[in-house]
Each structure stands twice: as structure tokens, then as C-alpha cells.
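The same subunit A turns up in both complexes below, where it pairs with subunit B and then with subunit C.
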Partner chain A sequence: MSNNVKSDLLLECRGIDKNYNGPQVLSKVDFSLRRGEIHALVGENGAGKSTLIKIVTGITNRNAGTIVFDGHDVPVEHNKNASEKLGIAVIYQELSLIHGMTVAQNIFLTKEPLLPGLPFIDIKKMNAMAQEMIEKYGFDLKATDIIDKLPIAQRQTVEILKALSNKASLMIMDEPTSSLTAKESERLFKIIRMLKAEGITVVYISHRMEEVYDLSDRVTVLRDGKLVSVLEGEEITPAEIIRLMIGRELTEDESHHKMVDKRDREVVLEVKNLSAEGKLNDVSFKLHKGEVLGFGGLVGSGRTELMRAIYGIDAFDAGEIMYLGKTYSPTVEKSIASGFGFVPEERRLQGIMGGISITGNIGIANLDSISSPAGFVSRDKELERTQTAISTLNIKPANPDHLVGNLSGGNQQKVVVGKWLIRDLKLLIVDEPTVGVDIGAKEEMYQTIDRLSREGVAVMVVSSDLPELTRLSDRIIVLRKGRIIKEFTEGVVTEEEVLRAASGIVEGGAK
Partner chain B sequence: MSVSAIRRLILTGLLIAIGIALSIANPTFLKLDNLMTMLQEASLTGIVAIGFTLILITAGIDMSIGAVIAITSMICVNFISYTQLPAYIYIPIALAAGCAIGWVNGFFITHFKLPEFIVTLATRGILAGLALIIAVKDEQGFVKNVFIEDPVFLSFGETVGPVYIVTIVFILLAIATQFFMKRTRAGTNIYASGANPTAARLSGINVDRTLIGVYMFSGFCAALSSIFLAARMMTAMPEFGIGNELDVIASVVIGGTPFTGGIGDIWGTIIGTLFIALIKNGILKLGLSPYIQPIVIGGIIIVTVVADVWYKHHAEKKATQAARRKAMESKEVGA
Partner chain C sequence: MNTKSALFKEHMVELRLFGVLLGLMVVLSLISDRFLTVDNLTNVLWSVCLIGIMTTGAIYAPITGGIDLSVASMAALAGILANVFMNTLGMNWIVAILITLVIGAGIGWLNGVVTTKFLVPAFIVTMAAKTYLFGVAMLVSNGDQITIMEPAPFLQIGIGKLLGIPIPIYIMFTLVILSHILLKKTVFGRRTIAVGANEVAAKLTGVNPDRTRIIVYTISSVTATIAGIVMASLTQQAYAMNATGYELDVITAIVVGGTSLMGGSGSVVGALIGAVMVGFINNGLNLLDMPSAFHPIATGIVILVALIMNQGVSVPAVLKKWFARPGAAEAAK
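On to the complex of A and B.
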């Protein structure tokens, strides 16, 4: 390491290893940033982007490797406060702002200017300082605005100002545009270029290839916890990035899952022109008996919202849902009674009751069939159903009294699915079936879904895991910004095609 | 106009309306004597409510305030009965005891990450029992009413002109606390710790120390109120303050400090305190049974909270609708 001369690298990570007591999340990753560059970090879900960022910012510690920031060796026992002192800032969407406070108060929190010689805050001076910063960058803000009243895009600019006031030399933005409109995103890009002009290094994490393409000086591609490539200048094209992200040389069999056209079968569910303000825009499709319909798209594209609307959790503004040929206005109770099953996105939050046994978790969705007319629950019936679910799904340990919170992710997910399997199931909605699930359990989950579809259950699968989506689906609908942007109905579909559609790169038939 | 400003206007309007109604129903209501007694009542609750406001701003709760009042008065009575120490020594000791209790609350809450409600409910029980144990007893072991004759102590119950000292102290403490909350870093830290503890920690605020400080202040306020209460009654009983939580919580909640943390100020609490005192006084002046006081106050809490939740829901709905409309418009421009 050069002692006196400042290296042109702001950050240099070498051979970073990380495992969370089990699977290797990062192995031997090198990652370096030049001063004043915009550097995109891309990779599929689970490629290790977030973990790498957490290590750099000190939220979690690495197992091996060295990090040098601005000439200082960063110790393994790194922490958030230390990284902030070094000048590393992360721009969250809204997490780190204090509600109920003004813009100025947030920017200068814990470093408020004081009246000379007194322990009292000089509010006038603080507001003036904040206003000066705001005007310098031409933001659309007032120093005295209350945070709660600002839209997300402006809260982000407050975060940026806060980082600037901390003299940050590195700003990390994790999916900064995921909840911004096109216009707001444009404004953010302008700000990012301004930061670059000031000599600040920006790390940009995004799934939106066109943004990465427009903005970045360099791109680091991660895949399965390993560094794949660092692209620079001319090498950066959306198609190339997507190719590197998907990467592995797929066999014909693996990458090209054959679509199966089941559209001649009985229609189970028909959605007509469904719209919900700000979430869904004129969505129409049909789901057939025994069909697995996959939903692709980026996070925030409206997939989960669509599922929740159909199941009856959230209301919609316009459109119609037909179930088995009849108009259906969903509520959760009615959906369960009509043979719907729902495996929600956030397992720990929405799927399981961790402090309750497997029996209790499975019983709760089936109280109608295991209790007497007077409302007493039959423990024998409950146990019997649970045993059925445990044996069909191979839940381990096969102990009905085991607390679900202590099961592995895969087995927890089986319990959530198990709740519905022992019913007369007609329609199963699965949102991100295998997040946080190990490979063995993943395969079992796929087989379960295959089996159900053979038995005639109509299945809707939402997944951000592209191999999973193409592996499972008989047909794939890709959503973007609440609309159906593309539908793959026949032949073979590659992950690349799905990702292109989700990113808005559609050849020909865009709606 | 901001929500809290509207709320204060409505409350002040109600205060005046109820005041006018009462003075018509019973002319003695408007007598200076009655008004000053009412303010004295309000101030005794209000001093505790100032501390409690800070507790709510941190999104916590302090159930021990009533028991702190009881134990403080018992500490004073013990000093009076068994020692020759002058008031200007044992009163600070009693106030320090209030702070110490707050420290214990804060320590258990922050150090062991325990729920505020459980910790302070436990200390409430312990202190209420301790107050009975250390109470001065007669030969048969029954709690004895000690009549306080110490002139220095009793002077706390007196007036300056027509105004009770406790009212003056209440107003000064309110102004000082409001200034502290809005104009010092420590005050800002309290708001931040309540609004978003994670963000506060990431911004370099020592949230644990901030919380302990707030619980100490709450204990101090309760102890201070206890001294004025004993001086006014010229005696002290181990039941002093037990059950006062209702009035205190009502005053703060009506004043506009929500349970969710990060929001609230002392001005609202002052108005809330006056409101509760007026209602209680009014019930007496109308010749109604004093037993309906807690029923009415409980009802007022429910009505206020329901109105708050309803308004918040309404405002949020309006805000998201406006934001979506804006987003849609700019999307169309962008596309």
C-alpha cells in the first residue's frame, strides 16, 4: 500500500468471504471503487449485493478478506458508526429520517449549530444552513418542511443532504428508484451526476438495466456470491449485463422450460380490467384448471398487490373478478371457503405463527372442518390433519408439537403450504415460494406445486427467482408498473427474456 | 393551520364554553377563590403531566408516577417525625429519591430491553407497598396521620398574592421544559429517540441514556408534585397519588401527545391539564357526585383517542390519494 500518495482507489475490498453460519453468501469477492465514479453493483436476488454492502458499511462483519478505505485499513470488527466517521453513507428510502421533525433538524441531527457560548440550538442559523445546502443543489425543498409531509423522492434528497453534511465521500444507494416516478428518477440521476462532479463516489444498486446503462462508469456483476466481471465504458450494455447476471452455462433442459398450453381447459379464475389506484392498471387474464401461471416483474411492479386483491386482502377500484364462471367479490373468509389457498410473501410476518406448534399453525386455517357445530375444536381431527400434512410434505422434524418458529425456513414454508393442502383446494396463490429456503426443500416445493397442478389445482406463482419462474410456469405474465407488459404463452422462454421484459426492454408487442 | 393548532383552538374554545356554562349554572364558579383552587388542582396534576409528556414523546409509559407521589410523601413524613433535619435538606433528598426511582425504571427498560409498561407497573407495586411499610405507625401498628407543622414545608402550600406557589412553579417548569425540548440538543434527542430509535442510534444519539434521563425527569416531577400536595393537605398518607395516573394520562392525551412517540409538546399538556381540572371542578360545582369524575374522564380519553385515530386515518388517506394523483400525472408526462 502506498503510504503518502493517495491511491486513486477510494475503496478496495479483497477476497471477502462471508457465511451466516451455513451457506457461503460471498466467496473471495474483490470489489474496488475509484474516486468520484458512479459504480453500479448488479446481480440477481441472492447474488450477495446486500451482504457486500452490509460488510462495507459495518452492519455485519466479514469472515475473511481485507478492506482498505481511503488509505485506512478497515478492521474486521467494523461498525456502522465507524464507517460513518470514515465518510461512508447509505441512502435508505426513508428508514433513517426522524418523523415529525423538519428537514433542517434531520440534516443536522446531533450536530445542530448552537448559539455562541450557550447550550441552545440556533434554529435560525440551522434553517439558513440547511436552506443554503438545498439551494446549492437546487432541490425542491424548504428547510422548515416537516418530513412526514414530503413524498419519498424528496425524503431521499434529505438523506442525501444529511450524508453531504457528514462529509461523506462514498454514498451507497440501494434500489433508489424503486418507488420513484420516471420524472423523479430523472431528477435523482441529475443529483447523482452532481455528486460525481463534486468528487463523491456513488455505488448504485439497481435491477433496472436501462438506469445502470445510462449512469454508470463501471459495473460490478455478482452471481451466487462470486465476482463475475467488472465492466467499463463501452462494455456496459443492458444485454451484456443481463447475460452475465444469469451467467451459468445452462443446459437446454434447464434453461428452456417448455411452456404447456392449457388454455383449452376450464377457466377457474378470470380477472377483467382490474385497477387499483397507484398499484394496478387494467390487468386482465384467465387462469385455467391445472395451470401454473407465473408472474414475473421487478419488486414493486404490482405482482403482490394483484395477488392480495384477488385473495381479498386489499380492495380494488375498478374491474371484475370471475371465479368458476360467477362474479366474485373477494374477502379473505369467502376465498378460504371457496377453496383458495394463499402462501404470502413474508413468511415470518404473514405466514407462520412462530410461537405455536405445527398442529396449531395448520389447525388455524382449517377450524371449519375440525370443529363441531358448537365451536369446539376436535384435537384428534386437528392432529390427524397435521399428520397428513407432515407426511405428504415431508416436514422435518415430523413432530406435530414442534414450534414452527424453530423449524428451518424450508420446513416453515412447508407448514404454510400444508395449511391449504389438506383442504379441498381449487386455487393456490404462492408469493415467492422459496425465499430463504435451502436447495433440497426448494426442489420439494417445486414437486408439490407440480403435483397439485396435475391434480387439477390452478396455481398462481409470483417469483423474482427467474430459474424458478421458468421452471414452474406453464405460462408467464410479466408486470411492469402495475400493467401487464408481456405474456409468454408457448414454446420456450428464457430467463433473459423475462428479465428484459421486466426491465421494460420489449421487442415489438409492448402494451 | 397545523393539526395541533386546530386542536388547541378547539380545546380553548371548549374551555371557555364550559367555563361560561358553569358560571351561569353556579355563580360561585367565577369567584377568584374557586378559580385559584382549580388552578392549584390543575398544577398538582400538571407538574406530573409535564414529565409524563416527555415519557410519551419517547413512546414509553410510566405507570409508577402515582406510587412515586406516595413514597415521596412518606419519606418526608419520616424525616419530619423522626429527625430534626430542616426542610431544605430533606426536601431535596425526597426529590432525589424520585429521580433515583426514575433511574431504576430507565435502567431496567434500556439495559434488559424490557417493556416500559411491565417495568413501571412492577415498580408501582413495589413503591406502593413500601410507602405503607415506611408510613409512620401508632402503637397498634396502624398508619398514623401525621400533621405537618414544619413552617418551611407548609410554605409550599401558600400563595403569592392570590396565586398558589404550585401554580407559579407549574408555569415556570412548563416554560423551561418546553424551551429545553425545542431548543437544546438533548431535547431534540428525546424527540428523535421516540420517533425512530434505530435512526436516532445511527445518527449517533445515545438512546439508552436519553431514555433513562426522561424516566428520571418523570420521577422528579412526580416527587415535586408530592411535596406540594402534602403541603397543601398539611398531612401525608401512603395512599397519596395512587390512582392519579388517570388524570395525568388524560391531561397529556387530550393535550395532543400521542402514544406513538416523537410528537407532542408542553403547551398541549397545559391546556389538557386545565381541561381536566375544569371538568372535575364543574362536576362539583354542578352538585353532582364526585364519584362520576373518573367515569367522565375515562369517557373523555376514549372520545379524544377515537377522534385522533379517525382524523389521522382521514388525513393519511387524503395524502396518499394526492400523492398518487401527482405520481400518475408525472408518469404520464415521463412516458
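On to the complex of A and C.
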């Protein structure tokens, strides 16, 4: 295998196994890339795409399997520097660029051309070299532009230039269009085709089926950590990819996938023609008492933005929100006082206060009910509330003084939910409720949401986990590019249908 | 049993500090027979008072993840202003103190507003305040050491005694108790801790971080003003250089007392013990007739050691890793 004749495969992974001390994330995955192809890697959330990429780029190490890159065996103790040296580059959205520096400075960081015989950077030469590259590819950039002043799409092209200057032969792009406009995406596709023409292999990870369909020479589909299929040429159709990704037919006993029409109940929240520049476009819907309304859509489709606008975190430009029959202009404080609860998308960054106790985390959302008018907190009331939250949600360990940062992901999430449950809750917003949560805690979370809905709480659930979305929702609204593109109100909805709507294939295909 | 151990755990930091303090006292009493005398101990407590008073308010900024470097300049200016109001403008001493407190609160409020609304880091804002407040103090006092001879009741604040104990010590303990209650028992205290622990999470849970921070810097300036008034009365002097460098002692006391500069936790009682320790260290150096140049050296070392301890890293482990590195690299080859 490791002879010196160059095969037409740039990368060949065989039998890759990976477990993070427990659940098997990848098992016996084969993944190969030809030279100069555009190869899409697709799968549902949790299918193992990111882990596979992390193994190839050396961010994490595999447990078993072999990797051959460009004729070289890649050892198990692979790391990021080694993968860069081999010519593997990951195009991040903007993370790896240094703000405040110019395009040229970023491209040539740590490999700046020096003045002959001197330890000083030859700025003129560096700018000229960068400009030459920019012109070669016809990018809309100047070598002396400061990164901060560039829109996301152009920062991406700087990333690509940086990879090119590193002589990368493999570029990995993870959801590169999630924050681009249609026009910017088109331009990116042109660049990707140009890279292909240069003989560079591009791995393209996307949930957007039409992009995958347009661009890819081959498609690798992963599901539950296993290789499902590799499609080529004519075999690549959006409907087929979605079928392979979901991979199972609906069975009779999955009755909880059935929508429940609760639209005859009292309206709790009504959103009318809500718009926010670049995020939301004319969104209208009603939410009823005891209803669980699911929001499907791809990353960047505006679901989180919609929730944030309703809760009062971000402002909106046009439209109206009605709460319990009255016009409502939200602020976070008002929302909490009016019976809202909000479980944000990123638990560590937005949900928990890791350095303080369970009591502290739960108390802070309930200061109004545990303190006297003079502003003194009743330690007894606070502890009592915390105990209630701990026992209703089965938080472990059941010790109110335990630091939340030391809890498992599932228990941290229970704390974030728990602080709202002990209030007079009318409307709960949960954004990605079970990311990084173990299976047991996941099921408990679902039961909690079911119970709240029975108690009459209106719930809005945002989830990219399709089985979760169909499992929980009485009704599903699918957003795409800030608009409501589809609403599922009755009967049985399949994950496939939701994904097709989210991908923009609204009515097409057989089924 | 459970509540008892929880209580013990909650005050672990304070207890450990108290242990260190006792150890320090034992060492100092062995080194110098002048240490364990009533005179000397009163002396230490007295000098600790000013730092102690300042820490009771200054501690809130670190708890939110910020810092207040302007407290010493604020204190010096407060003494000078109070003297101007009483002895130049002839105001009643109580009125003079109240006006000075309002000015102090206004300056703290301004620090808070610039930090939160104009997004300038607290470090820079309060360093600028330290500089311009010192300038104003020099300007108002002409740079002179002004001796304060009257009014007599004002001077009693610093030099008076009640039941044989100096009044500043009462002031300090009152403020420590108030500050402890404010931090541990009130809504404001909870919000302050939440802002320092995770500002975004706090905001999504209904806390207004800007409002909280503005109050924090206002409190910090008010206690600095109180310390300045006590200092002017105690030293019978209004002088712009009177508190020079005190902000470092205040931060040392807070850090030694177990408050993390990263925010999210803090102990007023710990900071008081920290202030006493700083006082003892300086006192010890005096008793040993060490040149005054050793004071800042000792303070600097104490800050570093306290910070390293608060980071919770194991020093032996770090050293082991450090020294093992070249060997390990060779072995890998």
C-alpha cells in the first residue's frame, strides 16, 4: 500500500473506530478522497461527521484503523501541526483569522518574507505576494484590507488564500454557507470549482442538499457513526441523500410522531409579520396553551434569532408580538416577570454559571419570589425552591451546594430548565434542549416537556435533532433563510419530510 | 450533620486564612518580643483600618470581574475636600462629610457608566480616575500638607475612643458587617456574583449587568471616601500623597482573602483577614528594622503567592512538568 507510485486516492481511511470513553462515535468507517474531487460528507447531527474530520486533521486521535494521506501512513498520534504540514487545511468561518491585521499579514502569518539578511519583515514584498494570489483567483479583496472591515464571505476567501499559501492539497469546509447570502454562496461555489481545477480536493460538509447536489462529484453518507453509502454521479439526488441519512422507515408504534392539533385552545402568543434585517423575514404564527411547537430548519435559518427576539434579547425591525391578547414589546426582565422561561442554545456560554452552586444558579432566576421587598434573600426559601427543582427534575447529585460546573452535561441542562420550573410558568422556550446530554437525561428532558405541556404551559422547541423534534412537537414550523417555509399540523410527520422542507425541497419527490 | 459540614465548607477559605494568620502571628511573636504587646497590636489594627474600610466596598469590582484602582486617590481627595468644606467654606462638619460622600458616589457612578456604557475596560477607567483625582487633589490643596485643627467633633472620628477602642475600628467592623450582609444576603449581592460568574447567563436570567456594575463602582468610591475622611481625621492632615499606593494594599487584601479577580466569588471577611495579614507583614518588617524598600517587595510577593494559591494549581505538579519536559522530549526521540 505504501509504495511510491502515486495512487489516484489522496486520502484513504480504513476501519476508523472512535469512542470518547464510552459511546462508540465511529465504527469501522471507510472514507476515501480522490485527487481533485469535490466530496460531500453528509449525515444527521451526531452521525459522526465532525469526529471523522477531527481525526483526519489530528484534533483528536482514532482508536483503530489506518489512514494513508498522499502515500504516507498517518500515525495514530496525529496532530494538527502534522496535518497542516501534510497539506490538510480546514476553512473556518472566521475563527482562525487575527482581527486588526491585514489580509496579507494573516495569509503569511509565521512565514513572512524577510528583508535579505535582516530579521525584519519585507512588507512590500509580502503585500505584493498576497496581491498576486488575490488577482490570480480574482477575489474581491486588497492585500492591505484589515480583517475586521471585511464581511464574513470575504474572510472566508482569506482563509482559503491562507490554505493555498500553505500548499494545501485538501481543504475541508464545514457548513461554509451557513452565514452567507445566496449571492455570496454562488461566489464561493465558483471558488470551490476553481480549486478543483487546480487539483485540490475539497471536502464539503453541508446540510443544504441542493448545494451538495450541485457541487459534489461524490457523496459519503454517515449515519449513527457508520458508513452508509458512497454515491457518485447520477446516484446523487437530494431525495436519495435524505433517505440514506434518515435510513429508517416509520413504524406503527412511533405514535408519538403524530401531530396533535391544539389550535382550538387559547392563544398564548401570536407573532405577526416579524422581520429583522438579515435574520427574520415576515414570520407569523400562533402558539396555544399546552401546545409544543417545534421549530425545524438548518443552522442559520433564523430559529434561534426568532426565539431571542420573542424573549427580548435582540430587537426586531418590523412586526408585532401579542402575548395573552395584548401587544407585547419584550425585554428580558419583562418576559421573566410575565411567565416566560428561556433555555438558551449554548449551555456553557449562556446557560449556566459554572463557578457557583446549584442553589445560586436557580436562585438568580427567582430572586423576585425568594426575597423580601427590602431586597434581602431568604436562604430558607431559596433552598426550598432548589430542593423542589432538584427532586422534580432528578438532578444528580442532589446536593444544592454542588458547583454546577462540576455536573454532567445532562444535569447542567436540568439546572438551566429547573430554574424556570419552580415559577408560575406560562411559556417555555428551549433551544437545542439535549445537545451534549446523555440518553437517560435526554428522555427525562422529553418527559419534562411533555408534563409541562399537559399542565398547560406553551412550549417552543428549537432542535436540529430530527427524531427529537418529531418526538416532542404537536406542530412543526420549518424555517428557511428567515422565513416560514412549511408548517406540519396534522397526521404523522417524518424526519425526512422535515429535512426536505428545511433543505428547500418543499413539495418535490415521491412519497 | 450535613448542614454543619456544609457550613464548614462554605467558610473553608476564611478558616484556612485564619489559620495562616495565626501562624504568622506565632512566627512574628517568636522573632520579636515587641510583637505581642497591646500597644503594637492596637497599632497594627489601626493601620489596618483604612485598608479594611476601603476593601469593604472595593471588593465588589473584582467579584464582577472588574477592578477599582482609583480608591487611594479618591480617599486622598475626600480628606482634602472635607477640609475645604469645613475650614475654608465654614460648613458644619456633618454637612461637609455628606457633601463629600455625594461627590465620591458621583465619581464612582461615572467610573461605572464609562465602563459599562462606553465599553472601556474598568482597569483603564479607574486608572484614569486614579490619575485625574490625584491631580484634582493636588490642585485643590496646592500640593500642601494642610493640618486640620478643627472642628473638634470631626477630629474625634479618627482619634476618639469608645470603651477604650478607637472609633475607626468600630467604623471598620460596622462596614465589614454591612458589606458581608449586602454580598451574602441581598438580591444585589446575588446579582453581583452572577454577573461575575457568567454575564451572558445572568443577563438571560433577568439581571441587568450594566446597572449592577454601576452600583458596584459607586459603592467602591463611597467606602474609599469614608476611608479618606477617617484618614484625614486620624492624621489631622489633608494631603494629596496621604494614601499613595493604598490601592495595591487593598487589592492585595482582597486577593489574599480568597476573592478571585476573574469574578464570581468573594469574601468580605476573607478580605478583612487579608488586610490584617498585610498589616502584620508590614509591622513585622518594621519590628525587624528592615528598610522601607522591603515593604513593596513583600507586598508583591504576597500578591503572587495568593494568586497562585487561588488558581488551585498544584505547585509541585507544575514544577515536575517543567523539569520533566526536556527529559521527556529526549526519551521520545
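Following the convention adopted for this analysis, the second predicted complex is superposed on the first by the 501 of 511 C-alpha atoms of A that agree within 3 Å, B and C clash if a C-alpha of one lies under 4 Å from a C-alpha of the other, contacts with A are read in each partner's own complex, and residues count from 1 in each chain.
Keep in mind that, in the parts below, contacts are C-beta pairs under 8 Å (C-beta built on N, C-alpha and C of every residue); 3 or more make two chains touch, one makes a residue touch a chain.
All of these numbers come straight from a predicted model, not from anything done at the bench.
Undergrad: Should the pairing of subunit B and subunit C on subunit A count as a clash or a fit in the superposition?
TA: With subunit A as the common anchor, subunit B and subunit C collide in the superposed model.
Undergrad: Of the partners subunit B and subunit C, which touch A:Asp401 in the superposed model: first, second, both, neither?
TA: Once the two structures are laid over each other on A, A:Asp401 reaches subunit C alone.
Undergrad: Considering only touches as defined above, state whether A:Leu109 meets subunit B (first), subunit C (second), both or neither.
TA: first
Undergrad: Considering only touches as defined above, state whether A:Met353 meets subunit B (first), subunit C (second), both or neither.
TA: Only subunit C is touched by A:Met353; subunit B is not.
Undergrad: Is A:His99 contacted by the first partner subunit B, the second partner subunit C, both or neither?
TA: After superposition on chain A, A:His99 lies in contact with subunit B alone.
Undergrad: A:Val228 in the overlay: touching subunit B, subunit C, both, or neither? Say first, second, both or neither.
TA: It touches nothing on subunit B or subunit C.
Undergrad: For A:Ile123, is the partner it touches subunit B (first), subunit C (second), both, or none of the two (neither)?
TA: In the superposition, A:Ile123 touches subunit B alone.
Undergrad: Once the two complexes are overlaid on A, one stretch of subunit C runs into subunit B. Is it 42-50, 60-68, 96-104 or 132-140?
TA: 132-140
Undergrad: Touching residues of subunit A toward subunit B in the complex: what are they?
TA: Touching subunit B: residues 80-81, 84, 95-101, 105, 109-110, 112, 114, 119-121, 123, 149, 151, 181-184, 186, 277-278, 481 of subunit A.
Undergrad: Spell out the residues on subunit C that touch subunit A in their complex, using ranges where they run on.
TA: 6, 9-10, 185-191, 193-194, 197-198, 200-208, 264-265
Undergrad: Under the touch definition given earlier, write down the residues of subunit B that touch subunit A in their complex.
TA: 179, 183-185, 188-189, 191-192, 195-196, 198-200, 202-205, 262-263, 319-321, 323-324, 326-328, 330-331, 333-335
Undergrad: With touch defined as at the start, can you tell me which subunit A residues reach subunit C in the complex?
TA: Of all residues in subunit A, those touching subunit C are 311, 313, 332-333, 336-337, 342, 344, 349-356, 360, 363-365, 367, 371, 375-377, 379, 401, 419.
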